[in-house]
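Sending over a structure as structure tokens; questions will come in a sec.
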Amino acid sequence: MKFEHFGTGIIKGLAVTLRHLFRKPITTQYPEQKLTTSRRARGNELVWDITKCTACGTCAKACPQGVIRIVTSAKPVENRYVVEKFEVDTGYCIFCGLCVEACPFQSLLMGYSYERAKYRRHEVVHTNEMLLPSAKRPASGYMYPKLAKALPPQTLLIERDEVKG
Amino acid sequence: MALKTESFALNIGPLHPSTHGVFRMRAVLDGEVIANMEPVFGYLHRGIEKLAEERTYTGVIPLTDRLDYLASMSNNLAYVLAVEKLAEISAPERATYLRVILAELQRIASHLIAVGAFVNDCGAFFTPFLYMFREREKILDLFEMLSGQRLLYNYMRIGGFNQDIPDEFLPALQKFVSQMPGFIDEYDRLLAENEILLARTKGVGILPQDLAVNISASGPVLRASGVKWDIRKADPYCGYDRFEFDIPTGTAGDCYDRYRVRIEEMRQSLRIIEQAMKQLPSGAVKSTVPYLVRPPAGEAYAHIEAPKGELGFYLVSDNSIAPYRCHIRAPSLINLTALRDMTVGWKVADLIVIFGSIDITMGEVDR
Amino acid sequence: MTLALSGDEIAATLGGHFPGSVIEASKSHLLVKSESLFDIASYLKTAPGLDFDFLCNITAVDCFDYFEIVYQFTSLKHNHGLVVKARCHDRSNPVLPSLVSLWRGADLQEREIYDLMGITFQGHPNLKRIFLWEDFDGHPLRKDYL
Amino acid sequence: MVLNPGLGMEYHWQALPPDWPGNFWWHWLAFSVIILAFVLGLVMGFIWLERRGIGRFQIRLGPNRTGPFGLLQPIADAVKVLLKENIVPAAADKIVHWLAPLVAFVPTLMIFAVVPFQDGALLADLNVGVLYIVAISSISTVGIFMAGWSSSNKYSLLAAMRDVATVVSYEIPVVLSLAGVVLLAGSLSLNQIVMAQDIPFILLQPLAFLLFFIAASAEINRTPFDLLEADSELVAGFHIEYSGMKFALFYLTEYAEALAVSAIIATLFLGGWRGPVLPPWLWFVGKVVAVFSVMFWIRSTLPRVRIDQLMALAWKFLLPLALINLVVTAVQVLAWPEASLWAMVPVNVAIMAALVVTWSRLLKLGGGRVEV
């Protein structure tokens, strides 16, 4: 190994940093400039499709944190169960997506949106209507490739940072 | 005239910028020189081994993400390998190749942080750190594309993956692999010959070869001490024997060697990724596995070469849906065994450098 | 590939040196008496042809009736491994010999087991709780800990 | 010998530009205000410049939210820091803790008394200007040591000890490298030194410049010699227990010192206010900013040295080279023909290169385990 102990390494390092001075910054200015998240983003809230749900409770069983609570009642006339209460305590949710994987009827999806900070502790508990899909709460393509195809492509740093070292 | 001197105890951590989390070192200082040092663990103990006993085999995977949170993919891999060994499930060919790609990407990402944080500990003002974060960011982008999250991937499943890679993944990966060597060269220009870094790290914190083996050190720490031991070669899993790569080793076992080994390992990882991308077969990414895995009663130990060292999962099954016992052989914890030997006699500044060169993650040390 | 040595064969060689110390030997592991664990371990470390210089992993399993301590030895020289087990039947005061004097890698791992499983390792230089605080009550990884 | 107290003042009075309005006290007042404004304004500018500059070196943007280009960031910082609660540790030595920021800040401010902003435009054209700077600049250390000691924090104490050790060692190469400049200029007055620089002394005295730059950066604790802040080791060093206004003073001191060193380098080596076309004071400020830019460029690149390496660098590298430089300069001043001053430039550059390369081979900074 050859080391020239008279500052050549330091000068080389200074040259590297100086070259970086003329590169474009890679950071984004967050609230104004937003990157598109992954098409499979496991965003903040679950999106629940009430029409497909059969109240089987598989999601609740699959949840490692036990944050999903389902109250069902039987409807003997229609010969099926209906959900009375579907409650997700997102305060304890770790967004692992296992419930979405477990759902056999494609009625539970991960949310695509983020920025869901709340001011009150009770607001993180989501029940029935709050979980339904809406324009503000789109579903992500996690586990659903067809949905993913419809979402905009993810912004990648590698596409923005073209400079070769 | 003899001065009356007195040594004093200095608490470094648990809240200290260079303890990589909440680690505490109770150092007894004689002036600037460390006369004695005792590591104190446990500030991030979450009882993951106990929690794992109450979850289904699949439900443990999100927990493993939270062990070494800078290398979640490797943790997932080690765990699913252990379960697959226990339940005698084999992943499809495409999944094994993908696992290799992801594990190696994760190794690069983890080593980037290790080196960046190490140079930061040497006192560089975040510049190398941020350059390395930039490349890590690209890897995280790729992981986000696959799994939907940037840090806690929860992507691997028992018997493969939960979903196949999207179409745009391989082109992006190809672009990354072709760019990355240039960036590694740039890091070398920035750091490798820097006289101050050499002065701070060469010959500092030497871990002799016999001691490194004796304390069960693993990963770059062991290899920097000159032991050519890599589980990818010694006990190949996921078909690592199909790839051509070298095991970089150090000679002196000092901080500089540990840093060099990590840089070289990144290059080797890129080699592996390139080969794996070429050989990547098509097909399913998950074999048919029951929803609730019920492995037969027994035990299995699977280990992988995680970025920090040998990460092993020892699982005991009692034929139920939850592990009876899940022990994690955490490389970060065991590599710290010789911390006292490496630091006593050095200065406070060296303590930080030596500690940084071991590269630990507190999530894995305390579990 | 790290060759997993068969417990049977090792038991045969051990039988000559330490008669009666091997309780059970199977293809996957070797179950030894806890009293002779230290002697067997020191033999395994230095015996030519075995050279288990690397103590890969120590863990303890609570099996209700007894605690089972599992040692994974590896030889970096010959690239082979062996699983050695020992049992502690006394639940109120489980005691095992410490292997720190042979492999210092056992240091933190034995402390961890002491902390979480409550097994005392005799001869350990610094046996105190590692993750939990000093006056913590109980040992969380035991199955009866609630 | 009887000191003549009137001499310095008279001399200074006469050195004023003839068209300067008012009398001595007006001059004193005006320049006090100018220096305060200069220091505060440029320190804020430096803070902004350094944060933005390091941001760009690190391929990010730096503060850009307050005002155009984040220009108001230092003001926002100042307001924030000034409004913070003043916390004094219970175990602190209260009076010393209170005094320390002042003791650290005031000498730094006093340095600017002798720095010429343009020809003759300075508070006091002392005929011992360089000596005055050297003497006054080391007083800040007392303040820093007071801070470290009185905080009764082990980290601060370590930092304080490091600082004292640094300053004691680095004062010598600083003085010796300045001596070369003084020999060439034939005066200790900064204004006279600027006047003497028909060729900037960085060209005539490259080695002295290098040594002074290194030694001065060490003395004011800029990276790579920022051992007494050492955020990765000592958290924040001597000001770890300071908050509010007192912390702001330390912060100000740090940058005022950097400003002082930049100003001294600009004056002694870069020709001070001399330059074509632009007004002299602008040349001066421009040179100061340029020197400071190099400082934060270095800060953004290099890791920190260790305390024993810092000492070794001072005693084994800087001191002998400074001595050699002094001897060489003395010989040159005596023997060099006046007319061919430009020919001295390549000779001295060659001498510097040879000396640095050969001496670096002798110097080993690494290793060196200390036995307990």
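Per-chain numbering from 1; labels A, B, C and D assigned in written order.
In this text, a contact is a pair of C-beta atoms (placed from the backbone, for glycine too) under 8 Å apart; a residue touches a chain by one contact, two chains touch by 3 or more.
It should be emphasised that the depicted structure is a prediction, and the values quoted were computed from it without experimental measurement.
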Two candidates, A-D and A-B; the one with more touching C-beta pairs is A-B
Distance-wise, how many Å sit between the C-alpha centres of chain A and chain D, to the nearest whole number?
-> 51
Distance between the centres, which are taken as Cα means, of chain C and chain B, whole angstrom = 25
Between chain C and chain D, the Cα-mean centres are separated in Å by 62
Indicate the residues of chain B shared as contacts by at least two other chains.
-> 127, 131, 134, 190, 194-198
In chain D, what residues contact two or more other chains?
-> 57-60, 300-302, 365
Considering chain C alone, which of its residues make contact with at least two other chains?
-> none
Please list, in label order, each pair of chains that touches.
-> A-B, A-D, B-C, B-D
Chain B contact footprint on chain D (complex, rising order) = 54, 57-60, 154-155, 158, 161-162, 223-224, 226-227, 230-235, 299-309, 365-372
Given the complex, residues on chain B that touch chain D span 8, 10, 16-18, 29-35, 119-127, 130-131, 134, 190, 194-204, 344-350, 352
Hey, which residues of chain D end up touching chain A in the complex?
-> 53, 55-61, 64, 297-298, 300-302, 356-357, 360-361, 363-365
In the complex formed with chain D, which residues of chain A make contact?
-> 5-7, 10, 13-14, 16-18, 20-21, 23-27, 29
Of all residues in chain B, which touch chain A in the complex?
-> 55-56, 58-63, 65, 127, 131, 134, 137-138, 141-142, 144-149, 152, 154, 162-164, 166, 168, 172, 175-176, 179, 182-186, 189-198, 291
